[in-house]
Amino acid sequence: MAQAVLKKRSKKAGLPPGALVHIGERKAEVMKASVMDYDEKNCSETTLTDLDLCISLRGKPSVTWVDIEGVHDIQALEKIGLCFGLHPLVMEDILNTDQRPKIEDYGDYLYIVLRMLTSGSETDEISSEQVSLILGENFVISVQEGAKGDVFDPVRNRIRNGKGQLRKLGADYLAYSLIDAVVDNYFIILEKIGERVEWLEETLVSNPAPEALHLIHNLKREMIYLRKSVWPLREVVSGMQRRDSTLIRESTGYYLRDVYDHTIQVIDTIETFRDMLSGMLDIYLSSISNRTNAVMKVLTVIATIFIPLTWIVGIYGMNFKNMPELEWHYGYLASWVAMIGVALGMVIYFKKKKWW
Amino acid sequence: MAQAVLKKRSKKAGLPPGALVHIGERKAEVMKASVMDYDEKNCSETTLTDLDLCISLRGKPSVTWVDIEGVHDIQALEKIGLCFGLHPLVMEDILNTDQRPKIEDYGDYLYIVLRMLTSGSETDEISSEQVSLILGENFVISVQEGAKGDVFDPVRNRIRNGKGQLRKLGADYLAYSLIDAVVDNYFIILEKIGERVEWLEETLVSNPAPEALHLIHNLKREMIYLRKSVWPLREVVSGMQRRDSTLIRESTGYYLRDVYDHTIQVIDTIETFRDMLSGMLDIYLSSISNRTNAVMKVLTVIATIFIPLTWIVGIYGMNFKNMPELEWHYGYLASWVAMIGVALGMVIYFKKKKWW
Amino acid sequence: MAQAVLKKRSKKAGLPPGALVHIGERKAEVMKASVMDYDEKNCSETTLTDLDLCISLRGKPSVTWVDIEGVHDIQALEKIGLCFGLHPLVMEDILNTDQRPKIEDYGDYLYIVLRMLTSGSETDEISSEQVSLILGENFVISVQEGAKGDVFDPVRNRIRNGKGQLRKLGADYLAYSLIDAVVDNYFIILEKIGERVEWLEETLVSNPAPEALHLIHNLKREMIYLRKSVWPLREVVSGMQRRDSTLIRESTGYYLRDVYDHTIQVIDTIETFRDMLSGMLDIYLSSISNRTNAVMKVLTVIATIFIPLTWIVGIYGMNFKNMPELEWHYGYLASWVAMIGVALGMVIYFKKKKWW
Amino acid sequence: MAQAVLKKRSKKAGLPPGALVHIGERKAEVMKASVMDYDEKNCSETTLTDLDLCISLRGKPSVTWVDIEGVHDIQALEKIGLCFGLHPLVMEDILNTDQRPKIEDYGDYLYIVLRMLTSGSETDEISSEQVSLILGENFVISVQEGAKGDVFDPVRNRIRNGKGQLRKLGADYLAYSLIDAVVDNYFIILEKIGERVEWLEETLVSNPAPEALHLIHNLKREMIYLRKSVWPLREVVSGMQRRDSTLIRESTGYYLRDVYDHTIQVIDTIETFRDMLSGMLDIYLSSISNRTNAVMKVLTVIATIFIPLTWIVGIYGMNFKNMPELEWHYGYLASWVAMIGVALGMVIYFKKKKWW
Amino acid sequence: MAQAVLKKRSKKAGLPPGALVHIGERKAEVMKASVMDYDEKNCSETTLTDLDLCISLRGKPSVTWVDIEGVHDIQALEKIGLCFGLHPLVMEDILNTDQRPKIEDYGDYLYIVLRMLTSGSETDEISSEQVSLILGENFVISVQEGAKGDVFDPVRNRIRNGKGQLRKLGADYLAYSLIDAVVDNYFIILEKIGERVEWLEETLVSNPAPEALHLIHNLKREMIYLRKSVWPLREVVSGMQRRDSTLIRESTGYYLRDVYDHTIQVIDTIETFRDMLSGMLDIYLSSISNRTNAVMKVLTVIATIFIPLTWIVGIYGMNFKNMPELEWHYGYLASWVAMIGVALGMVIYFKKKKWW
């Protein structure tokens, strides 16, 4: 994820605005455009193979959802863009897959950028995919980068089985449903991260290993990244709510407020994790230093006790002619008594001072 | 409390909005709905066992307070929701018990979420319960998660004995009273925490044990959590004040301003505690390092004095044939004099330099 | 002052709003209400002993200043409150003596809370007293907690001797004068603190004792407390300026702007002190560590010089049969030369490396 | 780049406003003014050698772009300024080449300041050049400091080959194109920096050398500088969007929104780099201290093991007459056994305590 | 400069507002009031000795600039104040020479406070002087504290020689010119500081002496002080721009915007210096600790090598009867070989581990 800080935008520098160049890594082999067309009674699903037919999707009274996976086939995308009358800048933004979440009003349609996060089931690596939504009068176009799998299956199922309100309400409600699916998915990501944070916290108390520092650091960077992905979403959703565009019906407003709440909650949780990680860094650093201090102290105490003893034995290793103690019968014993006395005295002193 | 950062929302991901799934732990065994119905003259209390009768509560001119404990009985809640005409999103939010405080205007009624904090009498553990208030024309529905006990008994008693203004004023004043009870309770929680903070501060000065670090860390996390619970309340209350909803009479405005003040005071106190805890961390870390330094210094001084002495005794332990000092009669005495001189000189030097 | 973070509010929890309970410590034995009644020509001073007469104060065209000291006599306060038509919430706030500064508009009168700081002449302890001002059409009620002495004597004297504008202008100018007296007093407090900060700074450079840390910490906490007392005052004064209440004449606006400036200056000074204290903490910590490092380095150097010397003397203490050096006539002298050479070499090396 | 914090403005102090003094280093030898004049059909390129002819450029219906390189020839600039009716303050700002990005509306024209960054291909040094844009009814004047090369070649080529919309749209679109070229170039700079940040991060983990600290510090300073250059650009572009000047057509608004997005993205990236660098500093400091601690611990352990051993050998070096152990046949062996026992015991103890 | 945090305001506490007491140190011996009176054609300069004549200055159509140096002569100032109809609060603020920059609209005139900084040519000490400007219909009064010299000489010269626009435009342009002169002077101060910062930075890398810490600390405090002086100026200038006072003509607006830009640039530079100083503190602290660690490590390594060697020589200093090695002919040589072997082994090990 570290590499995702900045994608290679340099190949775009100098090109005119609206120039269509795919920026980002190629996630899908073939572009796939699946179409769902539904109203309250009927629902049809097709795959758009001949893009010239896309014109037939326009002007229908039913709601049309064109879901495109893969953004590297620039000609195909351009055809769709022309068919739905999209502005060249929208087309450009769809292809630049390192956009931050945003909303732009183009009069006839709203252009919304989201970031869909997925966390590999085997690894903890979080990967991020750009989702562009175009919400028109009675159509929604969603463009994904094309990584395998997405979070929209529940929405598809709800359209298919016709339960709930989705089929009854318009394109704006579909757009809301897609955004809601993306935000709901953030909670799953955050739960996984939460588990890692808690595991790390327990580990830290029991065994503050140097690896912990790198784990904390990695989690901190993921938090920076998540924050960058989610924070602007707040503005996007509140922008949809406030907007006096006729594209968003008033009844959808309540639902958008709900997504807004969820977004705030995600941001709150990210901030809490950040605070916790900062606290853990403090704990880690002071644990390490406590531990080192404890070791050093004990070792120093041992050294300090033996240094005077070594001096004592040194005294009686001197070769002076006239050293009366050496002649005494109990001289050796006396030196042992003296040494044990000094050692005991120091131990008691250290214990009293709580140095040991 | 650490685990409360994020409840398992993942089981909701993918469900349509308004889908009723209880998120959070089950705190009560049986859902209990008690009803108080009062006007200035009369006051009746019942328990709502047959939920079909709930319809009879509507349309009365008297004020009706339905207090529900326990949120896991989804069907029962749904019935009440239908009876009072609540929006599916409100029902959903009632069941998701990790909401942050918020206020939402649904035209006919206001939906308010609060967090009620309780602190176990034996332990210092603070637990948090979500309270949803629905304020309609002449009714208030309060939904608690169902943990044993709440902070509303004083309000109940004031309704029962009819003293004060509560019986004379409308549903908005009842809602205010409930919010006020929740906020007043924060002060009790903060007093308890305040005692712990002060105890910790005194402990720290007298005996900076490593456990203190964990206590500081725990208190810091509780502060993060409290802040998250209380901070948005500020907006909630000022939102009620500002709102041009006809549900809130002007006379209640003064009382809401009072609650607002209390909320600010709670936030202020939390911030002060945070500042104090940060300062304590500094004190702790530098106490620890002072203490270690003091120990190391004394020990190093001792070692430093004895090392030259050991060298002196080593000299006269050498076995050179021709060492005139060894032959002298007072050689041994002279070596003692030299050693005591060196030791004293160093002690005086260290004392002068204030190293000891 | 540490204990002042939170007063015992818990005894209020559960009582209805407007319930009059005195929160805070009892500072005065007897409540005292002194009345000054003045217009441009006359000025009378009385003490309100029979509170029933307080009704006579209302409705006069002259300006009436009722100054109450002591807030524990709840009945007496209630009488005054009724007489001047004060809202129960105002009465409640007067009794809760841990309010933050605020301003509330009750239509007929403004309710203003200030914090008056006093610094004992013998000790450095700063104590804080709540002052409530009620500004009506032609009266001002000031309620102090009743600690001995206040900062209003200059205002009283100006009323008595009739110089300046005070007697000519209305109740709003009197309220301004009282606020101004409180704010002016902050400067005196800040000067005292400023002297302590400067003294501490000088001490720190000459002798970084461990007590300095506690002094810095204490001053930091006083800053937190002062900030809490002064910061909201800014809003209070600007609130009075902006307010389109008829209670405040336009000509008083200039004076309020002046108080506002002073408040900003007080806040600025507090922030500067905070910055200075943070800087001092850095200086202290690095002084301590510099000092410890210096000690350790010198001691380590001494130890390091003597350890090789001790090894040399150890060599010639060995009892091998065949050690030619021992037999040499100048062997002993040579060993001295070697040792002095080694010692000098190391000293020169250390000096060169600037380790010593 | 460090020196760029403040250019020598002192030579201007005291001069009247609008006094034309070149502040900054001289980057070009000769001032060069190249003119492109185009409409949808035609496009002519000339170099403005006789500045008196510049008057002929005014009043044409076609779009005129005057690109000036070098700002030290004050008379020539003054002539151009007079010809296009520029305000003396604009002329002054063009010459002061340490402006922060800004936009100023002078009624007839907008004055925009940008900072163009270039990164030497051989070194990592980033250099910064001030670009002034004057956007009038149908002309754009761009003034560069005159460093060799700029980022406008793609724009020139688009004008020449007439592809895209540039030739069809007005002077405001040309101004947008120039701003866009500058902002696009930031991404290239950021990519280079990103590579250095990543390289540094890898280096830090494998080998935390002291030089790393200086590299981190240098990158941090570059971030401060970049931030200063880019942050105000946000306001500039949003200022152009919001402005109700007739100079900017509505259709250009979409494009400006696009540049705004890019600017936000640049700022975001800078902030992310700053966060990463802060984290790296933490990592570096704790790596260094970990490493030192590890060394010290091992060395201390070795010393601690040998100190008691040295004491033991010292005992039997004493010269007491009566030392029974010395007479024993296996005394020497026993002393070895004792020493090995003590050493092993300590090693086991240290291993168990994980000190080694 | 440290002492300038708070001037002795306490002597004012308790006095009525508008009471004229000079607060601050006395900078000039005698108050001096010089008058410049000019219109497009004529310009006269006088010194106002008889203050009663000051009334003659009013009501003239020409622009009058009264420049007063020294604020301790309260009676003289009062006379001038009365003559120009200044509000008592303005007079009070002129005398309190520790005002922060501000602007106040008194209807007939604007009252502006600035802080003029001067840096002694010999020392680096920055001193600060309060400048009050009163801008009326066709007069400007500037009041300086009276320190020797000011930054207004260029303005005086421009009035005298009549070049530029100053003589043609009104009093508002004169006021702008004075503010501009003060702000321009900040750049000179900042350049001096910048040189010290750069010098310090170079010193720090080559030789991190403990004095550097105090220099950093002093510069940091100067930054705090500068910030306090300049930051509010931003509001002052933008306040003048926005103000719908008729005192400021529209044409002056452009010039004020220019001063505003300069102020922002000054603030930016101060913030950059602050960031650089913070970075330098980090560098310094870690340099110091690196250096200490390096010393300790080398010394510890030396000690660690010799401790085992000392043990070896101790072994053969033992007096056991039965020590076969002592009898061997090459025993002594063998012991040397062993010692050199151990020492070499350890050196190689340390080198390999890069501990040395």
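Letters A, B, C, D and E name the chains as they come in the text, with residue numbers starting at 1 for each one.
By our rule, a residue touches a chain if its C-beta (ideal position, glycine included) is under 8 Å from a C-beta of that chain, and two chains touch if they have at least 3 such contacts.
Keep in mind that what you see is a predicted model, and the values were worked out from it rather than measured.
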| item | value |
| --- | --- |
| Same vs different contact residues, chain A with chain B, by half of numbers used | different |
| Separation of mean Cα positions, chain D and chain A [Å, integer] | 26 |
| Centre distance in Å when chain B and chain E are each reduced to the mean of their C-alpha atoms | 42 |
| Shared-contact residues (touching 2 or more other chains) in chain D | 289, 296, 300, 303, 307, 310, 314, 317-319, 323 |
| Touch-based graph of the chains, sorted into line, ring, star, complete or other | ring |
| Ring path (origin chain A; first step to chain D) | A, D, E, C, B |
| For the chain D and chain A complex, residues of the former touching the latter | 151, 153-154, 158, 163-166, 176-177, 180-181, 184-185, 187-188, 190-191, 194, 198, 201, 205, 254-255, 257-258, 261, 264-265, 268-269, 272-273, 275-276, 279, 282-283, 286, 289-290, 293, 296-297, 300-301, 303-304, 307-308, 310-311, 314-315, 317-323, 353, 355 |
| Partner chain D, residues of chain A touching it in the complex | 2-3, 5-6, 8-10, 12-18, 87, 89, 92-93, 98-100, 102, 104, 106, 210, 213-214, 217, 220-221, 224, 228, 281, 285, 288-289, 292, 295-296, 299-300, 302-303, 306-307, 309-310, 313-314, 316-319, 323, 325-332, 335 |
